[in-house]
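Just passing along the structure, written as structure tokens.
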Amino acid sequence: ADVEVIHWWTSGGEQAAVSVFAREFDALGEDKWIDTAIAGGENARSATLQRILGGDAPGAAQFNPGRQYEELISGGMLLDLTPLAEEENWAGFIRPASIAEACLVDGHWWCVPVNIHSWNWGWASIPAFENAGVELPTSFEDFLEKAPKLAESGVIPFAIGGESWQINGAFGVIQTAMLGLDDRQKILEGKDLELAASVMPDVFAKFREFKEFSDEGSANRNWNDTTNLVVTDQAAMQIMGDWARGEFAVAGEVAGTDYACLALPIAAPTVSTGGDIFLFPKQDDPDVEAAQLKMASMMVNPQVQALFNNAKGSMPIRDDVDMSLADDCMQRGLEIIKDPANIATDAGRWLSNDTTGQMNDLVAQFWADDSMTVESAVDSYVNILKTAE
Amino acid sequence: MSQFAQSSETAVPGNGHHPRKARRRFNLMSIVGTIPMILTAVGVFVICIIFSFIWSFTNSKLFPNFNFVGFDQYTRLWSSDRWNISVGNLFTFGIFSIIGNMVFGYLLAVFMDQRIKQEDMFRSIFLYPFAMSLVVTGLVWQWMFDPNLGIQSAVQKLGWTDFQFAPLTSQATAIYGVVLGGIWNGVGVTMAILLAGLRGVDAEIWKAAKIDGIPAWRTYLFIVLPMMRGAILTAFILQCTGVVRVYDIVIAMTQGGPGIATQMPAIYVIQHITDRANVGQGMAAASTMLLPVIAVIALQFALQWNAKRKRNKA
Amino acid sequence: MQHSVSIRDLSLNFGSVKVLEHLDLDIAQGEFIVLLGPSGCGKSTLLNCVAGLLDVSDGQIFIGGKNVTWEEPKDRGIGMVFQSYALYPQMTVERNLSFGLRVAGMKKEEIDQRVARAAEILQIGPLLQRKPVELSGGQRQRVAIGRALVRDVDVFLFDEPLSNLDAKLRSDLRVEIKRLHQRLKNTMIYVTHDQIEALTLADRIAVMKNGVIQQLSDPHTIYNKPVNLYVAGFIGSPQMNMFQGSLDGNKFVVNEDGTEIPVSTYEFTTPVTGKTKAVLGVRPEHIMLGEEAKGMPFTTEIEIEIVEPMGSDTLAWTKIAGHQVTFRCNSDVVLKTGQKVTIGFDPGRGSIFDTNTTNRL
Amino acid sequence: MQHSVSIRDLSLNFGSVKVLEHLDLDIAQGEFIVLLGPSGCGKSTLLNCVAGLLDVSDGQIFIGGKNVTWEEPKDRGIGMVFQSYALYPQMTVERNLSFGLRVAGMKKEEIDQRVARAAEILQIGPLLQRKPVELSGGQRQRVAIGRALVRDVDVFLFDEPLSNLDAKLRSDLRVEIKRLHQRLKNTMIYVTHDQIEALTLADRIAVMKNGVIQQLSDPHTIYNKPVNLYVAGFIGSPQMNMFQGSLDGNKFVVNEDGTEIPVSTYEFTTPVTGKTKAVLGVRPEHIMLGEEAKGMPFTTEIEIEIVEPMGSDTLAWTKIAGHQVTFRCNSDVVLKTGQKVTIGFDPGRGSIFDTNTTNRL
Amino acid sequence: MTSETMSVSNGTKGAIEPRGAKPKKLTAARIGVYAFLVISALFFLMPLYVMIVTSLKGLPEIRLGLLFNLPQEITFEPWLKAWDTACTGRDCNGLKPGFINSLKITLISVPISIVVAMLNGYALSFWKYKGSELLFGILIFGAFVPYQVVIYPLIIGLREVGLFGTLPGIVIVHTIFGMPILTLLFRNFFASLPPELFKAARVDGAGFWQIFFQIMLPMSVPIAIVAVILQTTGIWNDFLFGTVFAGRENMPMTVQLNNIVTTTTGVREYNVNMAATILTAAVPLTVYFISGKWFVRGIAAGAVKG
């Protein structure tokens, strides 16, 4: 039977990646992949939810790992993948654990993780640093020391855009760097308010130091226009997820000569476990259900994972995948991910979208509004954690 | 007389008894014809509003539920910086964009009214933005307000190096940049409505004003403008609905930024209902937004009722 | 006798505003009734009630002996003509005329025949294929009448059908309506605030004020024997000349300067005894000039203030005993402003009203 | 003599439509001129040219001896009153009156004085603080006149000022305008299509047709000696009775049935020789009835078709020699439809026109 | 008439006797009028200009950031791509496929929503019943409710009648959301018609539907044009309802436009975005340019009264 898939992969690389899934699925037999692309995660997720509500659920739908779909699970709206997962022993090969946990709730598999995207990257323009006569940074402190020099040489030391998720992403990376994984987890998962109150002021204060080195035009810039500043050597560095690599590739830049990908924190590189998952809303038609299971199985298949992640530029959710085609930066990431100690679980695992949203708002406001004190920002931060569920 | 009445009554059997009570004729077809309206008004809007209120007292997350939590959602709403800023922005945006639209729209209408040769062309130019999707035109405006790409840099390159025009980059001015975009988008329709209103003004008023020696601008301002109540009201209502629902243009131009400086209540509502999966909070915000609208409409009804009562008395 | 239209105890309110209250009116078969009154007195409201376009608050309406109080307009056997013509703008004249018949599902031949007859009566044959915008005001009104005509009904209702036309057309169409009535012999109810129309057209005129019929009589009576001050003042152009004063035996004493006017020729409807405050009304054409004034019970010399030549006759304005007075004279007489002339009148041809009750004495 | 308003060789086109062509008109100081004509004949256009509200295509306009052809309206020394009143709706009456003066920067005392004077003349003192919506039609028109009055100008222009009012108000205000003229003695140019207004108000009437002045004379001449068929037909209500026929020596022979009417009493303006096709026109009030008809050069017995009692007099419709004829008689005479009566007239009081040129013979 | 007021007399007066037509002179006021209009027009056209030149540039040229410069090398590649080959998910057919869907949705929804609103306005003007004014008040109120608030009940309602995710479903949704403003428009229009027209038709025996279809409907052409313009724009540009209610087969063009324009993690092709936007706006723009004249006239025909 046909399986309609809602996703938000609409741009070049994404399109190639989704085509891998579709092609592979279609190749499995008479079942067909019906593609419904809706750009923008928000739009696509809303459409999925509303269509589930309207009794016209798609066969599969893309989500981000997190807590958004908790209610779909508890409401019994999703197909239970556990028998399949146990049969194929997903628990055995899906790594890191935090990615598996996104789908493994109360011992049942409710979704399929398909890739890993890490936020913890810094993208630096090597010519920009060379022109300013400084080395690539070795830490955020180091970067902030070198930044004035960079500014003098006429480049924007710290490139950032205006979208709140960009700002919050960079903030998260800096937070990870300053607190370390354990404290971060205590605060975000454990909601340790005291700890947050004691350590977050430094994070906010540090974060504000970066602002001085950003440019006037950042306020409304898209992330990729921001990346373009690095590509064209107008800016020295940007903190952005691993998808930024595509921008450099399109511009024909070569990692190591034209730009450098710094796994963050530079001293102890980590990988955050963002990424994509698919969930499979319950259907009336048993044929469709069979096809859904076939699709789930296909998505974790090692060959498919290899093809897919190479196309997408993301890391696979299993180790036994041939990623020899991947570029240097990704190879770096694949190295880092091998050690579970380097895994920075995506905050979305612990925080509801509502909470994440409030944090986005807070961080963006703090970034833009110089009159907001660190204290009041921390107060708000703690308060958000306190009321988080 | 009464005798006649009786005989006539009896002559026509089945026509009731005297005195016959008045019976309002009830028109079934009118109700049948407006079934869509009844369904929409009652079945959609009323139900929505009622449920919005109910859900605003629950902790509904992704889907609406009925776990009541009292006024928690409202407490959170009004303690949220973002909401407070949004409300402030709505007023700033509303006041400036409505005034801007009206003033600019009226000016355009007045100038269009000067027996312009190329009226068709100008009208099309002023109207076309209304037909364009804001998703991209917002982006273009963002470019044009960009200090490094847009108007500022273009003018600076012409020699005025001190020229500063990048409203969207500062928290203080970003909302006015959005206002400008909003005016660009909507002023054409306002112009068309006001132009229609202008053309509806009695030509003899113009003649009278000319004979009185009243300069054209004063005629437009003090005589004609107050005569265009219908047109102004229509334009005003259209704009109010636009202002309350303002969403696309902000998303396209600033995404609510810098920071949260240009957030709007509608964005707050929509984000909470959808991506942030906090329907309770979204509904609390929506219900709050509806209160002033309800107040205005209630006021309108009260005024009408009062005027009617007065008229009846007179 | 079978009345064509009977209105019994009719009341109508708009909300709390009472426009008509306990109104009775009987109209004979073939009679031409004109409802005359100032703007807002409820003429159109009454007509709309008869037509079934307004729901009455109380009372009944009979047409052709049938109680039609709650009947649909189309089932009442009426045709109606409006001031604004109310032609359907997108239809040709022919379709305008036939619309009602087509709606009723009448046969094609029958429709054609009726339209042809109406077109012949109203001489609008050449206009049948035009749209209303291509017609002049008079032609439009004729089509509007035609629309009532084709319905082949007993009762015609007219709501100020001529007031949108200019003076000349108005008088032409007035005659046409009169002819039409003579030819068709239908019952007609005609609303107007133009007293000339009322006087020339009506078999009987109902003069209305604030929703109440003041007087219902033939034009001659209405004009010459108005029942009260209101009717006297409303009918006649220029207005009847009014003298404020008091009756004292056979004399009418004008308030201002005590001028005495003998009223022994006047036929009182009610015997008057003692001194009564009263108003004496004299129509402008009953005031005579020069030679003709000589034999009149009351004569006086006055100075002409304004002269209004109207072609066929001439109006002159002056003062008698401190009251503004108009009189009408032959257009052959040459009058000049400031000229002194003798005028006189016979109060027997005038009207006398009680100042308090305003009723005719 | 110094003319108050002189129009010389005036032409006006709207695009290719020529509305006025080579029009000349001289108006004396203090004269009351009425422009009379059917709708669309260019009356308003001419008035607007004088007021400076339309730019003329050719020719000149002089007011008070000054060439004002390209002057701004406010500088021409004119005041204008419009059909729709054109009051500024949101201003009180007082501000309506004073707005122009205030804009011109006049001193407060002067303004107050002028407004007070206008209010006194027009008796609108108590209304000064009201807004136009709170006024009746007649009051509005009075305010509109007041607005022209305060300008203290020599020339008043009226564009159908009374045609939005009902019959009664119209005749009242007509008299007021006449009084105003007598009091102020300004030059007034008054546009109307109502011939009664024209006849009663004018010192001279200019009858227009298609942008051309047909006849410019005093009302008596216009009424009694129309220069052509058009003027004869346009003036007079009901219309002049027209007989188609031909002149043969001292006789007028009606086409239809060869009835002969002796015209020896008629004063020809041009000598007529031989047999000429002509139209004989007789005004309704010049047709006499019964006893009075006896001595007339032409008498006949007819049957009454329609009777229109108008209160002060009565119109009757009949046929003479195949022509529709109306005559006016005293309202005391009782006429009935179908009644046979003798009527007669004196062609010497009528008008005879050449059928071809339509000019008076 | 009004427009004469701005014409200014030249100075010739007094002794010299001017003949002939008033000399035409370009006065300061006239120049000011045109200057204002031209500057305003530039303000309005600027974004369109930027969009057009951007859509004709290659990506490298765009990256230079010279927004207002004309393209050094004109390329129509982006237009072809936007229409024909741009990928929106797995399918790479550009805007093309959605065009038909949008056309379908618009062509069906516009007349239906207009007829429904016309009926409402007609009933509210001529056939008032108890509560009809209240209904109208609620409707106007609905014009202020953010769409998303109303979506849940609508989804559930349409699900219950089995129309969720179908063409009739999306038509109903557009009809509902177009109703408040359109009803206001038509009500005002009908209220400005002479009531005698209605009365005459009643006397002629026509009922609710006959008067509506045979008399009122043909008369409301001017205002219907206004409604068509407003609705076409609204429905054609709708994204929200299209994604939720139309169902997969009927996804409107804006979904594809959005897919082309919005990228979360991918390269943005601005030139294609601009071309796509202009292409998407083509239909409403055409409607505007063709019927702009009627727009003002239609509004004048009654929408501004009352």
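A, B, C, D and E label the chains in the order they appear, each numbered from 1.
In this text, a residue touches a chain if its C-beta (ideal position, glycine included) is under 8 Å from a C-beta of that chain, and two chains touch if they have at least 3 such contacts.
Only a predicted model underlies this, so the values are computations on that prediction, with no experimental measurement involved.
Enquirer: Trace the shortest sequence of touching chains from subunit A to subunit C and report its length in steps.
Expert: Between subunit A and subunit C, the shortest chain-hopping route counts 2.
Enquirer: If each hop has to land on a touching chain, what is the smallest number of hops from subunit A to subunit D?
Expert: So the least number of steps between the two chains is 2.
Enquirer: Select, from all pairs of chains, the pair with the highest number of C-beta pairs in contact.
Expert: So the pair of chains linked by the most contacts is B-E.
Enquirer: CA centre of subunit A versus CA centre of subunit B: separation in Å?
Expert: Each chain reduced to its C-alpha mean, subunit A and subunit B end up 39 Å apart.
Enquirer: Averaging only over C-alpha atoms, locate the centres of subunit D and subunit E and give their separation in whole Å.
Expert: 52
Enquirer: Taking the mean of the C-alpha atoms as each chain's centre, how many Å separate subunit B from subunit E?
Expert: 16
Enquirer: Residues of subunit A that contact two or more other chains, please.
Expert: 41, 46, 53
Enquirer: Check each residue of subunit B and list the ones that touch at least two other chains.
Expert: 148-149, 207, 209-210, 274
Enquirer: Residues of subunit C touching 2+ other chains?
Expert: None at all.
Enquirer: Under the touch definition given earlier, write down the residues of subunit A that touch subunit E in their complex.
Expert: Checking each residue of subunit A against subunit E gives 4, 7-15, 18-19, 22, 33-41, 43, 46-47, 50-51, 53-56, 117, 222, 224-225, 228, 232, 241, 243, 246-247, 250.
Enquirer: Across the complex, what residues on subunit D touch subunit B?
Expert: So the residues of subunit D in touch with subunit B come to 48, 51-53, 72-75, 78-80, 82-90, 99-100, 103-104, 144, 147-148, 151, 159.
Enquirer: Show me the residue ranges of subunit A that touch subunit B in the complex, using the header's touch definition.
Expert: Those residues of subunit A that touch subunit B are 41-42, 45-46, 49, 53, 68, 70-72, 75, 162-164, 215-221, 352-354, 357-358, 361-362, 364-369, 380, 387.
Enquirer: Quick check on the complex: what are the subunit C residues that touch subunit D?
Expert: 39, 163, 166-168, 171, 174-175, 178-179, 182, 193-196, 199-201, 219-220, 223, 234-239, 283-285, 306, 308-313, 315, 317, 328, 331, 337
Enquirer: Would you pull the subunit E residues touching subunit B in the complex into a rising list?
Expert: On the subunit E side, the touching residues are 1-6, 30, 33-34, 36-37, 40-41, 43-48, 50-51, 54, 65, 67-68, 116, 119-120, 122-124, 127-129, 132, 135-154, 157, 175-176, 179-181, 183-184, 188, 207-209, 212, 233, 237, 239, 254, 257-258, 261-262, 273-274, 276-277, 280-281, 284-285, 287-289, 292-293, 295-297, 299-300, 303-306.
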